[in-house]
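Chain lettering (A, B, C and D) follows the sequence in which the chains are written, and residue indices restart at 1 in each chain.
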Amino acid sequence: MVESLDQLFVNLKHWALGFLPEALQPLVSAVLSIVPLVAVFGGLFAIVTIFERKGLGRIQNRYGPNRVGIPFTDIRLAGFGQFIPDGIKALIKEDVVPRAADKVVHFLAPVVLLIPVLLTYAVLPIGRNMTVVDFDAGVLFFFSVGAAVEISVFMAGWSSRNKYSLLGAMRGIAQMISYEIPLILSAVTVIMLVGSLKTSDIVAAQAGFTAGLPNWFVLTPWGFAGFVMFLIAALAESNRAPFDLPEAESELIAGYFTEYSGFKFALFFLGEYLGMFAIIGLGITLFLGGWHAPFPFLTWVPSYVWFMTKLLAIVFFFIWVRGTLPRLRMDQLMSFAWKFMIPMALINLVVAAVWHFMAGTGAARWVVCALLIAGPYVLLGRGLMENKHLGKRTYRFAD
Amino acid sequence: MSPVFLILALVTLLSAVAAISFRNLVHCSLSLVVTFAGLAGLYLQLHAQFVGFAQVLVYIGAVAILIVFAILLTRSADTPNHAVLAPGWLVGIAVAVVVFGALGLAILKSEAISKKVPAAPEATVKQIGDALMNQYVLPLEVIGLLLTAAMIGAVIIAMRDDKEAK
Amino acid sequence: MNWIVQYLWLIPALPLVAAGIIAVSKQPHRKLAASLAIGSMGLGFVLSLMAFLATLGHHGEHGQFREVYNFNWLQFGGQWLQLGWVLDPLTAVMLMMVTFVGSLIFIFSIGYMAHDQNFTRFFCFLSLFAAGMLGVVIANSLLLLFISWELVGLTSYLLIGFWYHKPSAAAAAKKAFITTRIGDMGLLLGMVWLYAQSGTLLFYDGGKGCLENDALVRMVAQTAATGMAVTTAIGLLIFLGAVGKSGQLPLHVWLPDAMEGPTPVSALIHAATMVAAGVFLVARVFPLMEVTLDSLAGNADGLPSTALQVVTWVGALTAFFAATIAVAQNDIKRILAYSTVSQLGYMMMGLGVGGVAIGMFHLITHAFFKALLFLGSASVIHGCHEHQDIRFMGGLKKFMPVTFLTYAIGMLALAGFPLFFSGFWSKDEILHAAHGWSVSHWPFYLGCAGALLTAFYMTRQVALVFFGSYRGGHSHSSHRSGSDLKSADTSAHSKEPHESPAVMTVPLIVLAACAVLLGFLGTPWWPAFQGYLGQHHGSAGGVVPLMVGSTLIVFAGLGLGWWLYAKRQRKTADEPDVLEVVRPDIFALLRNKYFFDEAYEKTVIALHAWFARACDFLDRWVWGGAVMLVSAITVGLSWLYRATDEFVVNLGFDAGCKGIRQGGDGLSKLHTGRVQNYLRVIGVALVVLILFLVWGRKA
Amino acid sequence: MTELQGYLLLSALLFTIGLAGAITRRNAILALIGIELMLNAANLNFIAFWRFGPNPEALTGLMFVIFSIAIAAAEAAVGLALIIAIYRHYKSVNLDEMNNLKG
């Protein structure tokens, strides 16, 4: 019963394939894997936008959307229908392209953004036996495809012939490149200890429980540090607050997609959210045990449910962060990446190695690794905080 | 000659031609990106998965971005209104064609190429890692050193020194 | 395997870690630095004591105790590069000596460097040095040995130039570094050659090592250039490294200048340990050195190998010449430096004529009493407010009694005063062995002369420093001031010399005790040391007359020195030396160290100048000549055209110069300075190459 | 024509295109792009020979390409830095204005 529930979709797919001639099966199976994926995450995108607006509203002590229900009926979902009119609006709005803009590139940019983002989902194990393609170098695939996003950002920024867009694009590229390094480095720790780039292997390596706790990597010293760094870098990679300089409304109107409107704008929006989901999904796969259940007595819950739950939890965390933290300045952003994140990530790499070589020494390696992380953290923080006197600022022209 | 190969080859070649023939540098760099992608696809065709992904990561993720930055920093992002071809470009084309002729001749004439296609070799990431960590560890270290040196050198070269900046 | 062997690496690792921690700790953390350095050394001493006991346990059966621990370091291409460490009596003895003397000197330096503001840096370097030295000692792989060897060289450079702000120190540091490099080049070549020949750099590897029998057999069989066995050639190359490091002729020039460093450094590095590393190296590769065809064949009374003969001669000459130079020096530390050079010569000679045990015995004893002497001189210098010129001292006996007593013991040990002092026994061993050497007796004579001179100049020094009356007024108190940072507070000192604090005197006393007692480990009647190092050489037969002889020599030297310098003390600082009155020319020669430095300057500079001139000549005449030729031809052509102009109508003339202009244009087309044209040419060249590869093969 | 020859011809064409770009365009950055193309052609050759070569399990071709990709990254960084420096000096990136070597 539990098993069948867990494997429901897999079995469904095989059952459907059964009706087809041999020749068609590969193609159809690909389609049958891709379409639901896109549909599910597209829907998730729609829901999350509403959740974000409502959540931000609550955080900022206002209601947020709470009227709209399903149009043409009088069903009111406490505003959860909001995304429908939003979507319709986005689709039917006029698509304005500046005259000076480089038409072709301007048109291609959102597409180039969306395609790699969708590709990244190919390697995410969203449930037991539910990986579209299980590449031997899956994680590498994820990162390499993700790298194409920067190109699209540049295309968008440059092609629309608008200094805000260009500034936003430059900021965005610089930020993405800078934060890609700690992102990859913190992922490398996991890869190093699992000894494989295959996402399914990585999930499998975190199976099982010890003393009622799951063997997730986040529950080890290096894993915890790596996870935190991964989250921060993920925030920056998906241009979320407090790292949303590329589209800082207050300075650059909307950064590199200032000149976009209508459907293209919607595509950008979609692409950004899907990218965020994808990178969170990778984080779950690497550190949070993928689709494994957190407690032994909950293993009967289907795996994909766990994946989605973790995903949503982290998404809400992101929303919370966005509602809480102020935006960084460009130089702060950069120095944070290069002076703090990257050194810490490198140290974490070493710590992971130490963890590996101290295997079998019981509690000793916990203490040693924890110290090896905490010590540099404190020292580095101190070092960076030197000659920075934090405190009450006095503004010359205020009050 | 699988169709996939033909398609990829076509894409690669066309984008490569585009990459050197557009007037606008940014277009050139963008079509260069397509070329890199096509090459990555060819690597996948050749069962070199790891290298293919590495190609995308390095070339599209780093080199292309670098080139774009260089274009913007050297203010050559706009379509030039003067001649884009170096004087004597015809000679250049001729030389290139001759080079291709010679290469093609060599390829087609050589008997060294075996007619039989061996079974697809498999190069898992694990094998590559083992090779890098054991047999090729010294080259790996040297590469690391070289990259560091190149990084420092690039920074120093591109650094605007105060005398010049004024 | 014995656990201590497995963890032998800890001994060098401890000081290394200490050095690292000190390096990152801040300047003012003096206590931390000192305690770390000394603690690591002390711990190292304990460990090496354990190692020593482990070796002591079972030697005798099947030769001597030797255990190795080898591991793969890195793989390039198909093969692994192996490193490892070895524990055998040689290692154990050196470990004991280095750690013990080292920790004593560390303690001493607390007092000596107390006023230096770079205290922590000093201890960081010291620990680093200790790490390198211990690495050299435990290395079982010539590569590891070489790495540590270079580390030692580096630290020596850093420490000689410790007071880098004074030009002489910087120069001395450079000199030491470069001079030793010359030797190390030889060592490197020898290493490479050895690897090429034997395929491994491990000394002992359970039969596969390069110092073990079958490798030696393989190597000695084949001959290098001039018909000498490969082993000999390699041995000589390695010995070159030893020459450079332990200041043998002709590379000894750096050692005296190295005294620019702080005196504890001179004591530790340039007297006790580092310079002994050369001797140790020779002792380590001794099997390689001594092996000859007929020694393998089994008849022991064949001639010693060429390598050993060279070692012997170099040692003997060094021993004698350095001693003569020392006679005429006035700087208290330079005298000791030259005596170090000469003693190192003795060690080399001992290795050459008598084998490992004898040389090593002198090395150990010398390490103790020379460290003692240097520390004593340090305390003297410290007491005299950084004076080093013995002419400005004198009568210090009453100011600093402890220093005087210990110094006297050290001096007697060095001079080889009979029966009670270690120097006597070790030196006597060497002389005895030299006397029995089958090749020539000259080393023996040189050694005796050296012994005489040693006794003489040491007496001179002691007499000038400690007896008579104090000659150093404040007239010269700023003589070396500014030279080091301590001079800042010389004013704080009283002008009278003063005894040093306990932290400095206690090590002196300990060392003095060792200098006396060590000797009895190696008397001919109870050769414990030699037996321990696995050399059971002949009975004490024929030793007694020799001993009496050398005793007489020593007494002669002492008496002469006493008569010349103590009986009639010099009154003022700047009256000429007694010997100077007798034979000024020779004295000048000696004082100027046989003009070695000058000679080197001349030769080296001459060489470079000549080379430069050669290049200049080539440039001026050959290439330049070619250009001249071309221009001449052009001129000739233009003359021709002028002629044609004169005799032919203008038409022809125009045609001519048009032709020339076109030719010039055509040629300058090649030099458009455009990258792309060059690229085109390259492309064409590529084509040609391909065509050649395609068709050139068939043809 | 075997498959290998197909790949080889493709890489030869790529090389030629790169060469042509490097030779004929005035802009230094484009010359660099051409050089990148040539490098990639070489890499393609290595991979092709590794795939169709006698003993692919040696991984030699792969290794070579991995290293050459790394080196290409360094090369691009340095080259572009040079171009930027040149631009700062000449206020132009046209190759035919940089002919100080003209004889």
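Quick note on the criterion: a contact is a pair of C-beta atoms (placed from the backbone, for glycine too) under 8 Å apart; a residue touches a chain by one contact, two chains touch by 3 or more.
It should be emphasised that the depicted structure is a prediction, and the values quoted were computed from it without experimental measurement.
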item	value
Inter-chain pair with the most contacting C-beta pairs	B-D
Gap in Å, rounded to a whole number, between the CA centres of chain D and chain A	35
Between chain C and chain B, distance of the C-alpha-averaged centres to the nearest whole Å	53
Geometric centre distance via CA averages, chain D-chain B, whole Å	6
For chain A, residues contacting two or more additional chains	none
Multi-partner residues of chain B (at least 2 other chains)	50, 54-55, 62, 69, 86, 92, 95-96, 99, 103
Multi-chain contact sites of chain C, meaning residues that touch two or more partners	674, 676, 680, 683
Pairs of chains satisfying the touch condition	A-B, B-C, B-D, C-D
Interface residues, chain B side, partner chain C - complex	86, 88, 91-92, 95-96, 98-99, 101-103, 105-106, 109-110, 134-135, 137-138
Chain B - residues contacting chain D, complex	1, 5, 9, 12-13, 16-17, 19-21, 25, 28-29, 32, 35-36, 39, 42-43, 46-48, 50-51, 54-55, 58-59, 62-63, 66-67, 69-71, 73-76, 80, 83-87, 89, 92-93, 95-97, 99-100, 103-104, 107-108, 113-115, 117-118, 120-121, 123, 127-128, 131-132, 136, 139, 143, 146-147, 150-151, 153-155, 157-158, 160, 164
Residues on chain C engaged by chain D in the complex (per definition of touch)	668, 670-676, 679-680, 683
Contacting residues of chain A [partner chain B, same complex]	102, 105, 135-137, 140-141, 143-145, 147-148, 150-151, 154-155, 158, 166, 170, 173, 177, 180, 195-197
Complex contact set, residues of chain C against chain B	74-78, 674, 676-677, 680, 683-684, 686-687, 690-691, 693-694
